[in-house]
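Each of the next two complexes has chain A plus one more chain, namely chain B in the first and chain C in the second.
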Partner chain A sequence: MSTHSLTPTEIAPPDPPPPATPKRRSRRPGRHLAYWLIAPALTFMVLVHLIPSAAGIALSFKNLNTFTFSQLFGAPWTGLKNYDAILFDSANPLHSGFVDAARNTVIYTAATVTGTLAGGLGIALLLARQFPGRRTVRTLMLAPYVVPSFVVAVLWGFMWQSDSGIINKILVDYTGILHDRPTWLLGHNSLLAIIIPSIWRGIPLAMLIFLAGLETMPRELHEAAAIDGAGPWRRFRYITLPLLRPLIAVQLLFGVIYSTYQFTIPYVMLGSNPGSDADLIMTLIVRQSFSNNLIGFGAAASTLLMLVMLIWVAVWFRAFRRDLEAS
Partner chain B sequence: MRKSRTTALMAVALAVLSFFVAACGSSSDDAGNNDTKSNSNAAPAKDLKGQTVRLWIMNNGPKPVADTQNIVAPFEQKTGIKVKVELVGWDVQLDRIRNAAVSGEGPDVTQAGTTQVPFFAALGGFENVQDKVSQIGGASAYAPGIWKTSQVEGQDGTWGVPWFTEARTIYYRKDALQAAGVDPKTAFSSQEALKATLEKLKAVKDIGGKPIAPFGGPGKKAYDLVHNLMPWVWDSGGAELSSDNKKSTINSPQAVQGVKFATDLVGAGLWDKSMLERDGQQVEDQFKGGRLAVFIGGPWVLQSAKRADDDTWSAAARKNVGVAPMPGGANSKGFTFIGGSNLMVFKSSQHKDAAWALIKYLSDDKVQAQYANLMGMFPARLKPQEAEGTVDADHEAFYAAIKDQGRSYAPIAQWAQVENAYKNQFGQILDEAAGKGQLSDQDIQSGLDKAAKEADGLLAQSAG
Partner chain C sequence: MTPRRKKHLTNWGLNALTYAVLIVMLSPILWLIASSLQTRGQLASGDYDLLHPTVSAFKQMWESVDFGKYLTNSLIICTAAALLATAFAASAGYALARLPFRGQKAFGVGVVGTQLVPGSMFLLPVFLGFIWLKQNTPIHLFDTHIGMILIYTAFFTPVAIWFMRYFFLAIPPELEEAAMVDGCTRFGAFWRIVLPSAAPGLVATFVYAFLLAWDELLFVTALTANRAETIPVGIHNFIGNYSEEYAQLMAAGVVSTIPVMLAFFATQRWLVQGLTAGAVKG
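Our next item is the complex of A and B:
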């Protein structure tokens, strides 16, 4: 029990409370309502996003294979062995497959995002001009985007067929541009065979976004520049492109993420074993995890991919922060 | 700041709570299932009436569910057990059966590919039916190679009951061979004879004005690519694994020569390159449609030629289809892959006795013959198999393939994965052959070395 006597400071009347403390504010019914309103979304996100992600990361440290598959989270702990196997252990049979898939994914992503943005911008610039039937053309240009990826892959799979596909018919039979019939779905060509449909499908969305940007762009800038003697290229280079930068930035962010996680098009067109020329990280992860039951390996590869994407988001944010703030 | 911290803490707490709920749920479920599983095994026979057995089947024949349901109708009538047939596509069956075995949420009985049985057994989700198989004649009622597919190496038990069998053999167009001036009796007697036949067929550019290629087989998109290439490897004296099944031997000099036989066909323009872009079904349809003079297929193709409702056949191809045993290598009688499907009972089944009663019924010789006929397969049991083999010359060729040339893979849990590793590299090698033309021994060796390395890694897996 304490026996000390009270000091004058302790006897003095307390200061009046501040007019609005955070505690009092939190008692307001509106704040409770806000928590209730975000609770479903938060719960859903935790259940379908955070927990599976955490579980995936946990599994990446496990020796989860054919013999331990049924144990799942009870599988033996293997530390960083899966990561070591993927990144550094050239003696590991899965290492070279990962390196090939990583290389192909970088090429695929760079080509797809560049092609989509360039194509989308080019078509948007054409469609921003006035011409008869513009609305119809715009609507038709959206067609590839409304077709599901699976259907796109099936259609292009037929089109690339070396013997009966329309592409070789045009290149060899109708125009004579090529003498021999290339086999687009085999070997080195197969990476190109999945890049082109991916660009084809991505262009409409990019076009739509750029078109919206072009139509809200102030005309006075172009008119003033034209009066000052700037030609079309200079107006595009110094007015259009800088004003579209925030839109390019956002599409770059999502384009890289979407392309890196692409699975449907390569899987449907080339099968579960696309070969070292066209295997992507996602087809590799799915094959090793679910066909080969190497869940630990697949989880480690997925975690690495997620880390790379987080780094990409950080780099992107640094590069385009000013544009975001300006917009 | 404090508010955001509170929100973050709430989110973390919720996540941790949900995680524990999920983890506890799964472990208690497992325990619960194990208990009910062992108890249900003791269900008396008189209680079987009125029970429903769920049976998962794959795409067997053109009307898989209706055909199977018809086959089991007399069983339902006689026993009062209802059979619910459910279709699971071959493309997803591995995932679904595996998940059902692990989670305990599945049907009572499933069809499983013969090469998958050891893997499924290793999951621990299936019944060992060793003590019951004497009721269906045991091992002696089946050819040894087929019975082996129900076993797991190193374990004493029987995890599947062979249901039906298939083997791959040569299909050819009689009219194309005639146009090429080749006698079908000698056309496929050896690998050299096959090559010479294809060379002559190459000169036959079309039949009745319709272009025809000498030979075609699927490439990397075929789920069964390994079944298609291994016969060449076996013919050359190669093998998929060492005799103790511990190491891959797919990169042996003999295996290189076997694969080279196939890539040489591509390089020489005898194997239509465009077929390598297709999957197995698409290539089969190309043969049926009259685009190929020779291809390698299973017994269902023969059966489908007799079905007027199969409109993938061109009239000429349907009329002129012929079958021959697989050609032999320099020192071999010729090999082919034999597979098929087995029936497995889930440990989680609540109706194990009824499930076994169904398997017994499906193992009856007459029912076997009836079902195999419907699907265009061969029965798994010796007696009906033998009877089927005497139907006509084409069936004789198939029966000879099953009996004399049939070979399957090691019954080890990792085989499906090893097969996947081989498939990947076989596909890559065929891709290269399509691009480069002739491949050197070194080209093939390098691809097969990669396959062997990956397979060795998979074989070295353990529970530790």
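Our next item is the complex of A and C:
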């Protein structure tokens, strides 16, 4: 916030422009420079993001099934057929596969984002206090965030192993919490098996952001409330939480997008075909597009996914508009 | 119990809880290291012997995975892409932070908007484009370092722009105003005064782009075949062929985590600023 207040002095014209003189260019120094400065980034974004995205939308209206190049440009237009097959054609196996994956993606995203934010906030509250070794603990707590996702998937895939995995060893052999050894990477449990490592890796960043928020929070409010007799829970509920709302909002926005598009952890841990219990939209799209060469299907499903994200942003914007203006 | 004593006890309990949470959070990483120092048989049977570590899995992994190749590819591709992305982001981020221009808002929205597009959306056309170029032109991007560098540069430039914009906003504008009063051009002030002051930001942006590129699996799987594959593909291929070799997998995991861990913790102070600024300051 303080950084923003620095800019107006800079944007303001250095001296009042003399009227009716043709020196308009000097009023906005660096207008052309700005275009030169954004040119490289803009070129790359147009070439790799914009044009391919437009091409992807175009592909979704084509019947591009078997992968050959002669067919890439010659493939017939099929209008909304791909979308129809995905969304409404209940006799089509692609439809039921999509419905399963959509359901799993919603569960995965909701659980991962909720778990990450709750865990991050809880740990941030613990670390915002004064205690011995505070600096070291805060640094060490970041470590899971730096483990690459593919390593996270390999590591947890090993820990979840039914016979030799450490998790069953702890739950069954050492503590006896469970009696028979669950298989974590197959069936119902497999969605949980990718959710927990995703939360684990996400928590440090959420914690970092909440810690920054807690640290800039004015202490006087809490002190005044404490004097008025408000206990820790009421102070958290009515002071801390409302003040953290903008931070929760931003993390919700990007957390949902990031989790929905997460590919590495499910793909490495469960493989390209994890079954209807844990298939996600992203693994489904990649499998159908690259293994089964159903490129039209992949493009249509990607377009639908992007539309859902646009709707999510619109909903988010309505819900948190006040927080955006406040900050 | 006196209130003061009660407070003391609560505080003590919370400290204990904090350390317990830290241990829980770190235990998977400790387990990664511990199990990489065991033999294949020990991991399969569950007879761990943590007091007698061995580096045999590291040696086997290096040979059977051809880890040297993947590591070299990852280092080349991620370093080059992170450098380019940082350079582009430094210039574009400065324009966003300091120079009002027509279309500034649209550009800013576009930068954030790139994050809304699912990777699979532009992966297919990029893949088809790479194949088409290979078959019809002398430009070879499929399965080359250059191809992956260009893709990752584009991929991580938007995030890098947001990082750099924050670091430029944190530099007082009086600095470049003074330089311009002394006769510098706007670009001269940016080049000679602002960029050096933003050095920590440049390092943080580079490291962040590097971390992201290091972790990328989807694009490199689709756009490489053999020559330009990076560590994530190498490990994924290895799982496909030797899924039971957990000691080697854990060793590969340790080796592929070390470079990014080192880079992260060496630049942690500035990285943390960049990571939190986006969320805290909008």
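Odds and ends about this structure:
Here is the rule we use: the second predicted complex is superposed on the first by the 293 of 327 C-alpha atoms of A that agree within 3 Å, B and C clash if a C-alpha of one lies under 4 Å from a C-alpha of the other, contacts with A are read in each partner's own complex, and residues count from 1 in each chain.
Going forward, a contact is a pair of C-beta atoms (placed from the backbone, for glycine too) under 8 Å apart; a residue touches a chain by one contact, two chains touch by 3 or more.
Source: prediction; values computed, not measured.
Look at A:M141: by the touch rule set out above, it reaches chain C but stays clear of chain B. In the superposition on chain A, A:M306 makes contact with chain C only, not with chain B.
Touched residues of chain A, counted separately for chain B and chain C, are more numerous for C. Shared-chain residue A:F290: touches chain B and chain C both.
By the touch criterion defined above, A:R129 lies against chain C but remains apart from chain B after alignment on the C-alpha atoms of chain A.
Using the contact criterion defined above for the overlaid structures, shared-chain residue A:L47 touches chain B and also reaches chain C.
Touch criterion not met for A:F317: it reaches neither chain B nor chain C. Within the superposed three-chain model, A:D163 lies in touch with chain B and with chain C [touch as defined at top]. By the touch criterion defined above, A:Y174 reaches neither chain B nor chain C.
Residue contacts after overlaying the shared chain place A:L208 against chain C, while chain B stays out of touching range. In the superposition on chain A, the residues of chain A contacting both chain B and chain C are 42, 47, 51, 55, 69, 72, 161, 163-164, 290.
Chain A meets chain B in the complex at residues 22, 26, 42-43, 46-47, 50-51, 54-55, 63, 65-70, 72-73, 76, 92-94, 96-97, 160-164, 181, 183-190, 270-271, 273-277, 287, 290-294.
Taken in their complex, chain C has these residues touching chain A: 11, 14-15, 17-19, 21-22, 25-26, 28-29, 31-32, 35, 43-46, 87-89, 91-92, 94-102, 104, 107, 110-111, 114-126, 128-129, 131-132, 135, 150-151, 153-155, 157-158, 161, 166, 169-170, 172-173, 177, 186-187, 211, 214-215, 217-218, 222, 231-232, 235-236, 239, 246, 249-250, 252-253, 256-257, 260-261, 264-265, 268, 272, 275-276, 278-282. In the complex of the two chains, the chain B residues touching chain A come out as 2-3, 10-11, 14-15, 18-19, 22-23, 26, 94-95, 98, 101-102, 119, 122-125, 219-221, 272-274, 276-279, 413-414, 416-417, 420-421, 423-424, 427-428, 430-432, 434-435, 450, 453-458, 461-464. Looking at the complex, you find that chain A touches chain C at residues 1, 3-4, 6-7, 9-11, 28-31, 33-38, 40-42, 44-45, 47-49, 51-53, 55-57, 59, 69, 72, 123, 126-127, 129, 131-132, 137, 139-144, 146-151, 154-159, 161, 163-164, 166, 169, 197, 200, 203-205, 208-209, 211-213, 216, 246-247, 250-251, 254, 257, 260-261, 263-264, 267-268, 282, 285-286, 289-290, 295, 298-299, 301-303, 305-306, 309-310, 313, 324, 327.
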